[in-house]
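Presented sequentially are two complexes of chain A, the first with chain B as partner and the second with chain C.
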Partner chain A sequence: MRVASVKNPSAVNIKDLFGNYLFILPAVLIFSLFYVYPFFEIFYLSLYEWNGISTTRHFIGLGNFFEIMQDKVWWMSVWHAAYITLIALTFQNALAFALALSCDRDIRMRRFYRFVFYLPPVLSEVVVGLIWRWILSASMQGGEPVGLLNYFLTKAHLYHLMRDWLSDPRTALTSIAIVHSWKGFGWGFIILLAGLQTIDRQLYEAARVDGASSLSILKNITIPMMVPVFIMVMILTILGSMQVFVLVLSMVGQGLVYHTEVPVTRILDSMIGTSRFGYACAQGIVFGGILVVGSFILHKFSKKVRQE
Partner chain B sequence: MKRILPVVLAVFLLAGCSPLIEQKDTITIWHWMTDRQDAFTRLAQQYEQKTGVKVRFELYAPSDIYSRKIVAAAQARALPDIFGILGEKKRLALFVESGFVADLTDEFEKNDALWEKSFFEKALNVNRFEPDNAYKVKPGIYGVPLDVTNIQMLYNEELFVKAGIKEPPETFDQFLENIAVLNRLGIDGFVSGWGENWMIDCFSSIYALNIMGEEKVMATYRGEVSYTDEDWIKVLSLFKTMRDHKALVPGIVTKGNKYAEQDFALGRAAFAFNGSWCVNVYDKMNPALQYKVMLPPRVDPDVPMQIWGGAGSSFVVNQTAGNRQRIIDFLKWLTGKEQQVFLSQETKNLPSNREALSEIPDVLLQFAKAMDITTHPSLWPYNESPLVTEAFCKGIQAIIIGEATPEKVATDVQRLKEREMKRERQ
Partner chain C sequence: MAVSNYKWIRVVQSVFSHVFLIFVALTCLFPLLWMLRSSLMTNETIFIDKALIPQTLHFNNFYLAWTQGKFGVYFLNSIIYTASAVFAIIVIASLAAYAFSRLQFPGKNFFFYLFLAAMMIPLPGSFVPLVVLMNKLHLANTRIGYILCMINVGLSLSIYILKTFFDKMPSALEDAARIDGCSKLGIWFHVALPLARPAIAVVVIFNTLNIWNEYILATLLLNHEHLMPLQRGLMVYQGAYSVDYPMLMAGLSITAAPVVLVYLFMQKHIIKGLSEGATAG
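Moving on to the complex of A and B:
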């Protein structure tokens, strides 16, 4: 090799370069085939009026995108996903952090708690949806509520709180958001717990020697050290929650009017329900754009926080 | 090692090819009918023993997943030998026009149309395109009906006895009176899978036919009559009336048909609106359930009620499938009397072969009696745009939960209809 480099350095550089590219070629090919090509294909299809079956397509340029801008149901569905995400970012992540903090201490049955808290994310979304559908059911049998929640409310004589949880526009989306958070907090819990365990214990000991209270340790050591982990959990939460749909389908089927529509159910409906494949592709592009912009903003924000 | 490697690779490649060779001798069928998979498999075994031809039924359920798979397979030109197309006739027309479905007219007409005559005419018409059809498809028969179905109302006999109701209601007013009696005893009245748009569409369209007649309904679909017309308001108001009379079980607007079937099978509601497939479902959920079939009560007592029906499950043949005659021979065997009786008894569905009707269970006969008054969107010359239908059904849900009035829903739907017509003209 050394002899060759003395003889013709540029030839060796090209050979090395070629070798390097050869190594990454499989990855590039797979990435191009399964990510880049589908993206351009979807964008291409979004410029057409097409039913998804016919061999002929009608070119309409950006017509589908203009229609999306005026599609109230679509933007309502985006807002619903944002609402579910907001609940997940606050309620779900706060719960996950509180539980991670508890399990980070030397408490009894720590391993058991970790197992239990990690159980909901492992369960299938369909199964979770169906179980919660039964819990929130408003059906009656022989004058007794069938749903577990309404049953307990009856037993507690809280009749005024009983309702048709999934068929009431005031509670349907929130019920779905809470179930989504219940199912999702385990992921955040595991990541946050892993983050907590990377914090040097000596920092805590030193703070305690200096007389710092638990609250002060949390505020001045734990939270600042956990910022990168929080950002990562937040990005994962946003991406996961915005794309929720299996849970929605298993809990409310085709939906309560338009009150439980989320972007993915709208895309599916355009694709299969109304056979507007081109429009569905355009919805996919717009939705992808929203997620990319959201993630980019959060990334910039996290960079700024880290610098501070 | 360098010499061995290509040999090993070649062996693996050839081994990989062998299942493909086997698949060529096999008739592959894709379907979505979970309740029929066992019976299909047994029939496939029988057929293989009889003819040596291997038939493989591949189940993809639920139906929406199946529909997605069919569309994806069509785009990839990878459809199986035999498959079913779910949805309205427009969808079948699209598959035919795109060259995915074989024209079976010649086969049906062979031997003095012996095969054609063995079916219920209405079942066959679902797969038939007449000359000058609205879809501009070449006239012919493009599918083989496997069973027929119709959608009616059912009532729980035990709950009727408990409430002292002797006869099922014939008019809508009688129906509401029955509901009031049932409600006084703490019994919920009516259940249906109105979390699924097509079930709402089915219920509302049979009442539209009863209230204004088929011609006016078709005129609306053509855009000549407005949804704000008083007859349409009357149709939408039926749902408000049912809500006001507490006729509907709680949560009906998010109930999929499976949940509605469960409610009726477990005696949680006295009336149900469901299709003839329910006989099989109720039998599995609660074999002790005592129920009977009735026609939906009429709003206009002078106009006979029409119900959705005729269209059951159908199979079509892939236009590009090799050895078509072998595939058609299998379909002829599958729809023969003996196999149809077997399917009907095993799965409790109405057979498409009229000769098999004499040997079916009693409760199915009650459904079968109404086959003459069935209609279906697949048989109509015009169909409403899916977007308008969706808005109409969602509007009905909004009426049921008290969020919108019939008039507001009618106005919103008409606005969308006009937008869609404008888009179609462009």
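Moving on to the complex of A and C:
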């Protein structure tokens, strides 16, 4: 057995070891410079009042964090993100699950549906935002509404429903949340369908032979088996929806009105708008902390549910 | 009697399912069709003719968007950024993933978990110190600076996907190559990479879509029009000519078309990648 003696882990020489490190060197270099360094720098910068250009920075300790505690616009933006997330968790995920259930059998055109539902998720938020910005537009041209939605409402003589969807404080945030859900449900659909297809068909057959109704099969077999997938979809929906902002920028722009501000647009505004880099960093940390704590609680909760 | 009843219920269920599925499918397709048909109209007809298929098709908008609207420049930039970053990601991530899966060295787990942590910990606002860093390094407003950032964005997930694949791959061929005197680098290139093609396909597709669609760093790092990729160019264009809808829609179609084509041809890999990620977790 000469082959076995060729490689002996304890006999790895220095040159060999050096060679092994070279494999990960490019990745580690790029990652350290563009991820690890900024990760620590954000904590350092958050302690300063700094305009991003000047060579002098004012150390203010935790001043930025105390200011955030009283920043009403900031907490309103957190609430807006939470609102968008709530709609994504309920409307978007319920739709995704209903579609996945409909597709989880030998149904015709399944591949077509799967293709179409995942189209919005592959498009960029800028493309999606600008298309919907136009559909929801309230401008008029030659006595006719430019936006398709208002145009349909005039044709249906529902004049009282017509409004400036993206500027009206009552509808702006909900419009964004619905477009966000439109862009996202296809992703949930694919993952939930994959989860449904891992359930053993024989379980369904056995239940049906025992005379169980579709509803009770759904309640007693499908949903309990899907809990781990539900939890994962929920956590990823929360992380994704809380951090939404490109859609907001492409649908309504930024800075004019406060009723569609979300945390990341606030961070951008601190950075570019008012040139307060330290404050922007502190906002990023606070928001990152909220997300980490939130997903940690959900994770713990899910473990408890799974054990029961 | 009971059997025919059961069949009847199945038929009704299936009809309801299809009605529901088709309705949702239409809401997915309609905005895209509306974009496409509007890109083929003129500024005069677009507000009068609301038919889904316009009477005369105006391909001139695409020419104007490409030249006057500078979408030709943006398009080329997007191609440059996406192609070079994806290529670099494949090389760098597969080297690292191979080492994490097959080679022995102290600190291996530490470095691997470092990459994993980057996928787990959300850090909104990390673009602030990143922009500061890029300015310091004089990499803001350079192609290479933006490409490096895009490589970094894609690294973690790509290393994870490739490492998982290498872990499951039998190492018999690699052992044979080693006994034949092939170097470690040679084994990576000649044996491991060709075998990992399915995983590389997934890495290529996800990074291509991700980088092509990236917006915020392109906005914060690239201020010259000749450097901007499509997503950034679209927002600049929309800010300047927001009422020229046919041209804007032509620009949107130019931006969306490659993504839809990639998706159309690589659908299998995309769905597979997503589903495996879901059922593994």
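Simple rule for what comes next: the second predicted complex is superposed on the first by the 269 of 308 C-alpha atoms of A that agree within 3 Å, B and C clash if a C-alpha of one lies under 4 Å from a C-alpha of the other, contacts with A are read in each partner's own complex, and residues count from 1 in each chain.
Going forward, contacts are C-beta pairs under 8 Å (C-beta built on N, C-alpha and C of every residue); 3 or more make two chains touch, one makes a residue touch a chain.
All values reported here derive from a predicted model rather than from experimental measurement.
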Tell me the contact category for A:52 with respect to chain B and chain C: first, second, both or neither. both
By residue count, is chain A touched more by chain B or by chain C? C
Now for A:182: first (chain B), second (chain C), both, or neither, which partner does it touch? second
Touching partner for A:167 - first (chain B), second (chain C), both, neither: first
In the overlaid three-chain picture, which partner chain does A:239 touch, first (chain B) or second (chain C), both, or neither? second
Touched partner set for A:34, first chain B, second chain C, both or neither: second
Is A:293 touching anything from chain B or chain C once the two structures are fitted on A? First, second, both or neither. neither
First (chain B), second (chain C), both or neither touched by A:218: neither
Classify the contacts of A:86 with the two partner chains as first (chain B alone), second (chain C alone), both, or neither. neither
First, second, both or neither for A:273, with chain B first and chain C second: first
On chain A, the footprints of chain B and chain C overlap at residues 52, 139, 141-142, 146, 271-272
Quick check on the complex: what are the chain B residues that touch chain A? 64, 67-68, 71, 74-75, 90-91, 94-95, 97-100, 186, 188, 195-197, 249-256, 263, 266-268, 385-387, 390, 394, 397-398, 401, 403
Mind pulling up the chain A residues that touch chain B in the complex? 51-55, 137-143, 146, 164, 166-169, 172, 251-258, 268-269, 271-275
Could you list, by residue number, the parts of chain C that touch chain A in their complex? 13-14, 17-18, 20-21, 24-25, 27-29, 31-32, 34-35, 47-48, 50, 91-93, 95-96, 98-100, 103-106, 111, 114-115, 118, 121-126, 128-133, 148-149, 151-152, 155-156, 159, 178-179, 184, 188, 209, 212-213, 215-216, 220, 231, 234-235, 238, 243, 245, 248-249, 252, 255-256, 259-260, 262-264, 267, 270-271, 274-276, 278-279, 281
Show which residues of chain A lie in contact with chain C when the two form their complex. 3, 6-7, 9, 12, 17, 19-21, 23-24, 26-28, 30-31, 33-39, 41-42, 45, 52, 95, 98-99, 102-103, 107-109, 112-120, 122-128, 130-132, 134-135, 139, 141-142, 144, 146, 148, 151, 182, 186-187, 190-191, 193-195, 198, 214, 229, 232, 239, 243, 245-246, 249-250, 263-264, 267, 271-272, 277, 280-281, 283-285, 287-288, 291-292, 295
